[in-house]
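My structure is below; once you've seen it, I'll send some questions.
By written order: A, B, C, D and E. Residues from 1 in each chain.
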Amino acid sequence: ADPIKIGSVVSATGPSAFLGDPEARTLKLYVEELNKKGGLLGRPVELVLYDDGGDANKARTFATRLVEDDKVVAMVGGTSTGATMAMIPVFEEAGIPFVSLAGGIEIVEPVRAFVFKTPHTDKTACQKIFEDMKARGITKIGMISGTDGFGKSMRNQCLKVISDYAITVVADETYGATDSDMTPQLNKIKNTAGIQAVLNPGFGQGPAIVTRNFAQLGIGLPLYQSHGVASKSFIDLAGPAADGVRLPAPAILVGDKLAASDKQKPVVAEYKASYEKATGQPVSTFGGYGFDGIQLVTKAIEKAKSADPKKIRDALEGTKDYVGVTGVYTFTPTDHLGLGTDSFRMLEIRKGDWVLEAPTR
Amino acid sequence: MNGGPTSLLDVSDIGIAFGGLKAVDRVSFKVEAGQVFSIIGPNGDGKTTLFNLVTGIYRASQGKVRLAGEDITGLAPHLLVRRGMARTFQNLQVFFRMSAVENVMVGCHLSERTSFLADLLGLPAVGRQNRVTRERAMELLDKVGLAPLADASAGALPYGALKRLEIARALAASPKILLLDEPAAGCNPVETEAMDHLIADIARSGVAVVLIEHDMKLVMKISDRVLVLAQGRPLAEGPPRAVRDNPDVIAAYLGDHGAREADRAHG
Amino acid sequence: MLGKALRARYTPLLVLAALMVLVPLVSTSSFHLRVAALVWIFALAALGLTILMGYAGQVSLGHAGFLGIGAYTVAISPVRLGLDPLLCLVLGAAVAGLVAYAVGRPILRLKGYYLAIATLGFGVIVALVLHSEAEITGGPDGMAVSRLSLFGWRVAGATSWYWVTAGALLVGALLALNIAASPTGRALRALHDSEVAAAGTGIDVASKKLAAFVVAAVYAAVAGGLLAAMNGLITPEAASFSHSIELVAMVIIGGLGSVFGTVVGAAFLVVLPQMLTALQEYEQAVLGLLIMVFMIFLPQGIVPSIRAYLMERLP
Amino acid sequence: MLTVEGVSSAYGRISVLHEVWLQVKAGEIVALVGSNGAGKTTLLRTLSGVQPARAGRILFEGEPIERLEPHKRVMRGISQSPEGRQVFGPLTVEDNLRLGAYRRQDAGTRGRLDHVYGLFPVLAEKRKIAAMSLSGGQQQMLAIGRALMAAPKLLLLDEPSLGLAPLLVDQILAAVRALRAEGLTVLLVEQNASAALAIADRGYVLETGRVVMEGTGAALLVDPKVRAAYLGL
Amino acid sequence: MSEFLQLVFSGLTVGAIYALIALGFTLIYNASDVINFAQGDFVMIGGMGTVFLMASGLSLPLAALIAVVAAVGVGLLLHRLAIEPARGASPVTLIMITIGASIFIKGVAQIVFDKQFHSLPAFSGDAPIPIGGATLLPQSLWVLGTAIGLVVALYLFLEHTLVGKGLLATAANRLAAKLVGINVTLILAMAFGLSAAIGALAGVVATPITLTRYDIGTLFALKGFAAAMLGGMGNPLGAVVGGLLIGLLETFGAGYVSSTYKDAVAFLMILFVLFFLPRGLFGGRSVERV
């Protein structure tokens, strides 16, 4: 039978490659496995995957190509918010469901008929972090954010919700996505009176360098990172300096440490095993976004018993209690994200490993 | 200054130093329209530098240059051309990626009457102007004997031809005064003679010519006046014959050979 | 006959126009039309560089900065100033031209690589501003751009955009060809070879360079405006260093100073990556390899090298 | 010492040399005269290997060298003072001269340097100055001096007197004669044909890429055709 | 005061990295007038190569040595297969070839290595050295030391050996270089090989500080190029001073002006310097002779 074509555009190269690459690998891996199991609705599945190199303009072109040339029935991809926003009009106009892998809240707010997303929003991450800070009695923090899309957007979201927790930002610094030294900024933060903790919204290598410089300067305050560094490589890069860093992250990083009763435990364990076997690399949350994206779509196709884009969309919107590696999803016509704060776990890094739900000091 | 009629070119007390070296040191001279004024002197004694001072390529540390009575000291080179001063270069400065005729067409730049906007829009006037310019450039090439090579790339022309090409380009600006830096270098005696006629022609048309040259036959034959520079200072100035007979000049510059050559010019 | 055609001034324009008519006859897929429209847009931006680099011999490694200025003017001014998008396109060109004038005056005194680093710095600063001033520019994730309407006609759909961008490129190419064959063009090529001699013929070298720089900026700004309006979204990526390099690469690969070459160069760098996607992770390596191979075997660029080859073989 | 057998050369499609035949015997001064564009420079470039020969053979000391790279020819003992001086502009005068001896770093280098400084005292004065700030004539001296630094067996001089003051022209030609007395062989291209032929043992006349006449220097000097076409007499 | 000192330490460290990259540019530029856009990728090969060789069990010194040798091999191949065949082409064409090479090297690196960031352990531990209230990482001393060592070596090579002079002569006048017997091909190959070695060495010493990834070369090339230009192209001392200065400008910009606009601060200063010294700090003021 004709294959069912699912499209994807990710940033497999370029500055966001460490997000896009695991996404791409996961998508390929799962489509392969799906086909081994006989595909969907008795038809093979074909993944049409393009690399936008981090360029929104290219992403837009590939989106057109997926719709016009490849005639895909659904799309899973969009590594960055910018690329996702550039592609949305194409899929909206064509009426093809699009599950984005990017963090920005504007992707699903306002809700668009055909657009869904799998990652947590920055807002939930901020809330999780501030909850933890509040529990530890922290009221004055310094913030050092990356100026990339992720860092900027998270910084803004955090500033929006921070007052709910009676915490104030007394030092607000930034660094460029490719900087290799953040000592000057951290030095300023260090010298700000009354500071009790530091939060670093950012992804990529920046947070690792922040963490190292933080230790070098002997700042000695609690350091919070974001879900943007939720991969093993952060611990490797930051080295011993990572000890004591806290961050909100999905279950996937601590799969083996989850309680046996945890719903996510089996899903996470299975994904981790198969990904690490196939690629020889440790899992990251980013690959997990891709996993959830492709699962949501294939489940929707099965449920709709049709490869018609409209029907897939309707089935997607009807998703209820899908247990993924990132969290448990329930989409509604007014909620195309479908994740709650509880899908984030607070982790602390100790001796080079993630520790779950670290009790407050 | 002295109340007499103003000279076309009046250089007074000009000078410049590089590091400690006074390359040109308080040199003065005057050139009248239609005159051929030659500057000679040992290698490295400041002739080219003097040209560079007069034409605004170097900034003089002292002295003044007047053109037809107007003070032009320190004016940018392109403004000097507009006032009627054109030159050639000892180390060739040819537009190597253009054809011979295009080189001369660039020289006609000042007489071209189109605007940037017209050029952009490709108005018919531009086409007309191009034809006029080309014709004029061809005439000039013909005058220096390069008409057959008009469409050859300048990069492919032999050395001697390039010297003449530069003259044609300088003439294209319709200068009142023309400064030539060793135009006969690289020419054999026959070709030098053609150069001699060319320069004489130019002078006859009322253009003042200032000439730097080491070919004594040429210098002695066509110069009205000769200035000898030695170590940046004027060593002698006067009519060719007087300069040739000056023992200082013979000792510092001419030598036997030069003196002989100079004599041949006077037959 | 062919030899004569190769020399004629407007031949490139005719060939280009013929190509533009041909593409929609071959395919009406809006993907193909979009790719073609992108070729026209980037060719337009690169054409400015052809005038600046190819004619006048002055490099710019920050040209995407002007593209960004044009794009963001089109994105921002309808929101902030309530201007009509078409007017914004013009405004973008004007803003870019003014910025080029202000920036060009001091830096065009620099030569060669020093000019390269100065323009590069300019581009980096523009990209940084677009990136950082999130309240106005939307920051790294970019901002939405309202639809362009031409005299009441709302430009939408791949076909419309194809023709709008094609038209813009044709006009741009016509102007570039006009300059080449004019006194201004001769002056630019002259100062490319020798600034001293150019000044020695009365050319005001500084102002000619500045004019070329401003024109080049205007080309890029118009292209940027079209890009923003066509995508309906613009990100600071548009002004990035890598885009500046890409524009320079289009000019050189196609053939420095050749108008048609610039279009070929743009097509090379826009279409080739689309064709190489089948190679998956080998795409980058093969793209790099192809650039090298083309430059080694056609060192003058694609169009001039082929043209020279034909000229030698034709009467 | 040098035999050129039917050498042709071209720039792209434009043929410049058409089967040039000539010979330079050891210890001779041979002058090459011809008008602008005759191909004199091209011939010298072909001999040095910076311009490929399309056809023909070049024998140096009996061995074919037309396929050798330029630096190998220098190692065999051919050096050239090229047209247009071609000095290393940003390098100092002394560095320029030392580079002339790039392939001949031996005990004699110091002596040759002194010799060149003796020949052109102004270069010694300016030894620490960048070559590009020298005057035209000074650069010409530098180019000749640099060629001498290689202690060549065969010296190719392309218009050595170009741009030199009359006094120096005499000196250069005298120096060439002195070098010959020391056993050096010289192929001399000159526009100052009468002076060149006067010191040359033999001469060739090149016209549009072909040798059209040859003879002893004295014979050519009195040849009516040569006198009319190249000496202006 | 301690804040100031801290900024100086940071600036010098980052600056020394830029300086090392700028030195690599200097050599190839000196031999050929070409800016090698693949210079940053040599840095990447040094860093990534060492990371992956160490992962396969080699000791740091051995892994670094092999990585540097590999980079030299890449440099020589680049010259032999891409630059040499295009002999005689204009600098613009050659630069385009190096841009192609840079894309190619990145493309291959992402397959041979991977797309993740990697780090190396600091050579002499991570314990910061406290000085006057500020801290300095031992690795910074490694970087600074390497930069100083290489600039001295390069200076001696270019100014005091005939081959070094031959290299400068080749760029100054290719034709004349051939006429005095310089094997121009060999000189160019040497320049590429040495540049690659310098770049790779920079990658090895800098990776513990900057981290590395297959595409980090672009950024390094940009900063190194800026450093080389600020110092005055072709002058090794200029490269180092330029690099250190840009490093200091960036950190002081971040510390005292705005961390967002620190790159702008650095570039504005470069523009300012070039306005008064159009050939950089050490580029000389040579006047064109006409």
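To be clear about the criterion, contacts are C-beta pairs under 8 Å (C-beta built on N, C-alpha and C of every residue); 3 or more make two chains touch, one makes a residue touch a chain.
No experiment lies behind these values; they were computed from the predicted model shown.
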item	value
For subunit C and subunit D, chains touching each	B, E
Chain labels contacting subunit A and also subunit C	E
Chain whose average C-alpha position is farthest from subunit B's own	A
Longest centre-to-centre distance from subunit D, chain (CA-based)	A
CA centroid of subunit A to CA centroid of subunit B, Å	74
Geometric centre distance via CA averages, subunit C-subunit B, whole Å	42
Distance between the centres, which are taken as Cα means, of subunit E and subunit B, whole angstrom	47
Contacts with 2+ other chains: residues of subunit D	133-134
Sites on subunit C at which at least two other chains make contact	132, 196, 281, 283-284
Residues of subunit E whose C-beta touches two or more other chains	110, 260, 263, 287-290
Subunit D - residues contacting subunit B, complex	11, 14, 33, 35-38, 41, 83-84, 122, 133-138, 140-141, 159, 162-170, 191-195, 228-233
Subunit C - residues contacting subunit E, complex	106-107, 109-111, 113-114, 116-118, 120-122, 124-125, 128-129, 132, 196, 241-242, 245, 249, 252-253, 256, 281-292, 295-296, 299-300
In the complex, subunit E residues that touch subunit D	162, 165-166, 168-169, 172-173, 175-184, 284, 286-289
Touch list for subunit A against partner subunit E, complex	12-15, 17-18, 21, 147, 173-176, 178, 180-181, 183-185, 187-188, 191, 204-205, 208-209, 212, 215-218, 233, 236-237, 239-241, 281
Contacting residues of subunit B [partner subunit D, same complex]	18, 41-45, 47-49, 90-92, 156-161, 182, 185-193, 214, 216, 252-259, 261
